[in-house]
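Next up, some structures in structure tokens.
In the two complexes that follow, chain A is the common piece, with chain B as its partner first and chain C second.
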Partner chain A sequence: MSTDNAETGLNIKELLTEFPEMSRTELRDFKKGIDETFKGFTREYGEGIENFFDPLLAILVWFEKLVVATPWPLMIVILAALVYAGARSWPLVIGTVITLLIVGYLGMWEDMMFTLALISVATALCIIIGIPLGIIMSKSDRTQAVITPVLDIMQTIPSFVYLIPILMLLGIGKVPGLIAVCIYAIPPVVRLTNLGIRLVDKDVLEAADAFGASPRQKLFTVQLPLALPNIFAGVNQTIMMALAMVVVAALIGVQGLGSEVLKAVNNQYLALGLMNGLAIVAIAIVFDRVSQKFGKRLQKHSEVVHG
Partner chain B sequence: MADNSIEVKNLYKIFGTNGKKYIEAVKNGMSKDDLNAKHGHVLGLKNININMPSAKIQVIMGLSGSGKSTMIRHINRLIDPTIGEVIFQGEDICKMSKGDLQEFRRHKTAMVFQKFALLPHRTVIDNTIFGLELQGVDKKERHDRAMHWLSRVGLDGFEENYPNQLSGGMQQRVGLARALTNDADILLMDEAFSALDPLIRMDMQSILLELQAELHKTVVFITHDLDEALRLGDQIAILRDGEVIQQGTGQEIVLKPADAYIADFIKEVNRGRVIRVDTIMTAANGGSSITIPTGSRLELAAKLMVESGEAEANIIDDAGNAIGAITLKSAIDAMVTPAVH
Partner chain C sequence: MKKILTTAALLAAGFGASGAMAQDMECGDISMGEFNWASGELLANVDKIILEEGYGCNVELIVGGTSAIFASMDAKGTPDIAGEQWVNGVRVLVDAAIAEGRLHAVNTGPITGLGEGWWVPAYTAAANPELVTVLDWIERPDLFPSQEDPSKGAFVGCPAGWGCQNINNNLFEAFDMAEKGWVLVDPGSAAGLDASIAKANERGENWLGYYWSPTSIIGKYDMQAVPFGVDYAGDDNWNNCMATDGCADPQRTAWVKSEVFTIVTDDFMQNGGEINDYLAARVFPGSVMGAMLVYMADEQADGEDAAYEFLIRYEDIWTTWVSEEVAAKVKAAL
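After this line comes the complex of A and B, so read on.
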């Protein structure tokens, strides 16, 4: 009787101090099972998936080549023109040109072009996928309930974690880098497209209904135009987040300012790291200011208010 | 001319997840409060029967919460009824398919809203063409038609402004132009002038009456303002708690209020502007030198008599034949004493 009591006492103590975890072998088999399944999936479909992304690779490579091969003076003119078209601000154009000249003078021109190409393609991809996704999400609360947690995961999961399956599937290269960037950068444009459409004035929507707008007409003549400032805030955030990912992308073989930073980390080159890091910051500031000014111009109609 | 009357028949609207379930209870006399307290459903409209005359202005009047905005939204089915029919040109709007309804809204109705509901990102002209754009009318034509109506509502020169550069009154002119550009048979006006200040409201009423005199649309006009209702309405229906408590011409309502609620309502009304000479005229006697056309309001008749110094006047019809006579005394009597009821 007394021994029984002692034994139970011991068991309870053990239960409180030791977490009732899976046995070691079970746990190993569990992990192994997942790994093996995914490896099997990779063996089976890896090539197909890689082929599926070939067009993306072709576009990215073509664009990189184009940007790198363009003579630098022409490139500066083109970029200045783009900045002016977007922002209509001479100070910003001048600032951009000076930034480009300094970065180039410090020997980072080609890397900057690679990074610009990656960011441009990634942003374009995020917009092409993200805006329709945001539209779908705005159509029903159920789709919103499904997509929101996925976006939460995409934004919070450490990027190294999703690098693993991407690497297993696609190996090292530009496309996996691009995908990693997009996974991290796409949530804002999706979220803000959804939000922007949901925030459109109910009265205006009712008017569109009353005049017999089809769902499609309503989307293109009322919802999207009125959501545009929000959508653009999303695009701005997407660009910023894509830039934040260039070093991680460099980890899986994307060339550019990020790979130089990585080299600097590995070799403790302070100057190299600082210079490339600041170049990324410079690009970010230019992108940010231009897209913000552009976003403001989209709201021209709300500027002048009748007193 | 086509018959563009709208007939609302036995219309009920119960807001809530399962309104149909409580129709019988409401028909058997369950009150709005009981329905809400016991079943969590809100009674919007109860047994509405209104025959809105073709090419006339039908006013639906009521205080807030009376169901008048719910009512007007059944005509273009922005709100689906729980049960009931809305018949226009032989077709029940409540039974239309999605596609038919869309076509109906595009071509047969146009709506003006209390809060204007203009598209803030579009200029005045681009707002005005909105209905035609949805219909797929070509660019040149829709531009011309929109310009015509903008000019009719007095907005020449404002085409390229954005709505929030304009005052409330001007924004609502855009709303009116947008609706008129559609050239629909039915014009739905949901408290269209309620957000405007009194002078501008009078202005807009005049514009509407002026346009209606030549356009002859079937106008459904919602208001909470009795003076507005009496000024505009060829027919008036008064709503309270989702029920029609009286309908008729303004004169009928002022002369024979159906209950104490309405009597209370019309106490402050200027009778001289509502009651017409025909209502109080006696047999023609040809004893006066001045004539007053049939359908004139008492205020005008009294004014004419006072100005001419006559104590009597002849009422003549459109062809100029004398059909009756009134005295100054009888006119003033009718203007000041509440009529028997």
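After this line comes the complex of A and C, so read on.
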């Protein structure tokens, strides 16, 4: 009797301290099953999916070649002009030119051009997909309820986790790198487009209705213009997050400043790591200041409308 | 109780195992380095099981990387044994330690057929029987179209920042591959390199690039090493040119021979007795090691699980490393 009690006591204790987990073989079969299913999927559809992304690859390769082949003085002039067009600020233009000259002088010009090309195409892709998605999300609470958790996952899941299926599907190279960057960077532009449209004053919409505006007219002439400052804040964040992914993209074979950082990390090259890391920071600051100034100019315009 | 002991002693004496029994008493505690990669784990655990069950030792495994375990043995004399010490990376230090008698290489080839180099899938090799050496393969970039520019051949090199990156870059140049229409692809990371091999094999695409053996990837996808077709051009070319960034005039060369030793400390060499004989006899054929690594990857097995699997599956191999009595004792424990 006493031994029975002791045994029951032991069992309860065991139950409380040891989590009732799946048996090791079951768990292994479960994991293997998922892996095998995905492998089957890649064998079946991998090539088709890869072909689907061929136009994207062509654009990316073309743009990269263009940026790298452009003579550096011309490139600096173009970038300075873009900065001026966006920010209308001479100090910023001068700062940008000095930064570019320093980066080039330190031997990182080509890598920076690779990174710039990737970030530009990634940002463009994120905007092209993100803004319509944000608009759809703003139209119904139900789509918002579906898309929001997906965006949460995309932003918080460790990027190495989705690198595995991307690598299996698309291998290494620019397109998988671009997709990895976009998965991480697209949520802000989607969220802020949705938010911006939802924040448009109900009175203004009523007025638009009163003038007999069609839904399409309402969207393009009222909602989107009024939401622009928010959308631009989203684009700004998307660019920042894309730049943060440069090193992760390098892990799957995207050339640029990121691969130099990896090289530095693997060999404890302090100077190389710092230089390339700071070059990424420099690009980020330029992008950030320009897009912020641009956003502010849009905001001024909208304040006038409100006033 | 006493009767059982006496019987056991009599039985042992009857089998003529008194020598081994005496050894049991002497064996005592051994610390062994367990290298933190799959084949290193397997090898250390096989040693542990055989030494504990067969020789009555008490083995403690100490996990670490190439330089950590070596540095500890060299400086402090512990652990006693390192089973799979890759020598190339720490050659100068290993040579010095052996020359000065601090360490001894009891086995200069615990795994056969290992090394770094260039590989193609077996089906690619079978489909192109006329292409044998690197010199032949590099004439056919059309077989390996690059994703980004299909008019060029893709040669997958070594991830950014690895020691082999410089070597592959220099070999790429030495073999004039750019002029022959190749691009050198940087896979970015070990995961990228593995994925590029896995993807090519899953789709039946051709692949030419850098890898090393013994690894589960090589075993699983049946990759074949490509002989370079030229001789090793000497240490001077290798160390002072191929291994450096931006060597002016890299010479064509085969990959340097990879060496792996089982090393023991001087103290263990003096007092280890027949354990050292075991370590010297313990040689894993490369194909068997490859098959075990595939097993480990597929079953997500750790070193200990894999060691038992090895002892069960390849009895005919490991029983040749030990005496019959030891083999019997190990078998009884499986």
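Definition applied: the second predicted complex is superposed on the first by the 294 of 307 C-alpha atoms of A that agree within 3 Å, B and C clash if a C-alpha of one lies under 4 Å from a C-alpha of the other, contacts with A are read in each partner's own complex, and residues count from 1 in each chain.
Here, a residue touches a chain if its C-beta (ideal position, glycine included) is under 8 Å from a C-beta of that chain, and two chains touch if they have at least 3 such contacts.
Being a predicted model, the structure only gives us computed values, none of them experimental.
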item: Clash or fit (per the criteria above) of chain B with chain C on chain A; value: fit
item: Chain B versus chain C as contact partner of A:Ser214, first or second or both or neither; value: first
item: Partner chain in contact with A:Val204 - chain B first, chain C second, else both or neither; value: first
item: Chain B versus chain C as contact partner of A:Met154, first or second or both or neither; value: neither
item: Touching partner for A:Lys31 - first (chain B), second (chain C), both, neither; value: second
item: Touching partner for A:Ile136 - first (chain B), second (chain C), both, neither; value: neither
item: Touched partner set for A:Leu106, first chain B, second chain C, both or neither; value: neither
item: Larger contact residue set on chain A - chain B or chain C; value: C
item: Chain B, chain C and vertex chain A (Cα centres) - angle in steps of 10°; value: 160
item: First (chain B), second (chain C), both or neither touched by A:Val97; value: neither
item: Chain B versus chain C - smallest C-alpha distance in the overlay, whole Å; value: 45
item: Footprint overlap on chain A, where chain B in one structure and chain C in the other make contact; value: none
item: Footprint of chain A on chain C - complex, ascending; value: 147-149, 159-162, 165, 185-189, 191-193, 195-196, 198-200, 202-203, 298-300
item: List of chain B residues in touch with chain A within their complex; value: 76, 78, 102-107, 109-111, 113, 115, 117-122, 130-131, 133-135, 162-167, 182, 188
item: Parts of chain A lying in touch with chain B, wherever the complex brings them together; value: 201, 203-204, 206-207, 209-214, 217, 221-222, 225-226, 228, 301-302, 304-306
item: In the complex, chain A residues that touch chain C; value: 28, 31-32, 39, 42-43, 46-47, 50, 57, 61, 163-164, 167-168, 170-174, 250-255, 259-260, 262-267
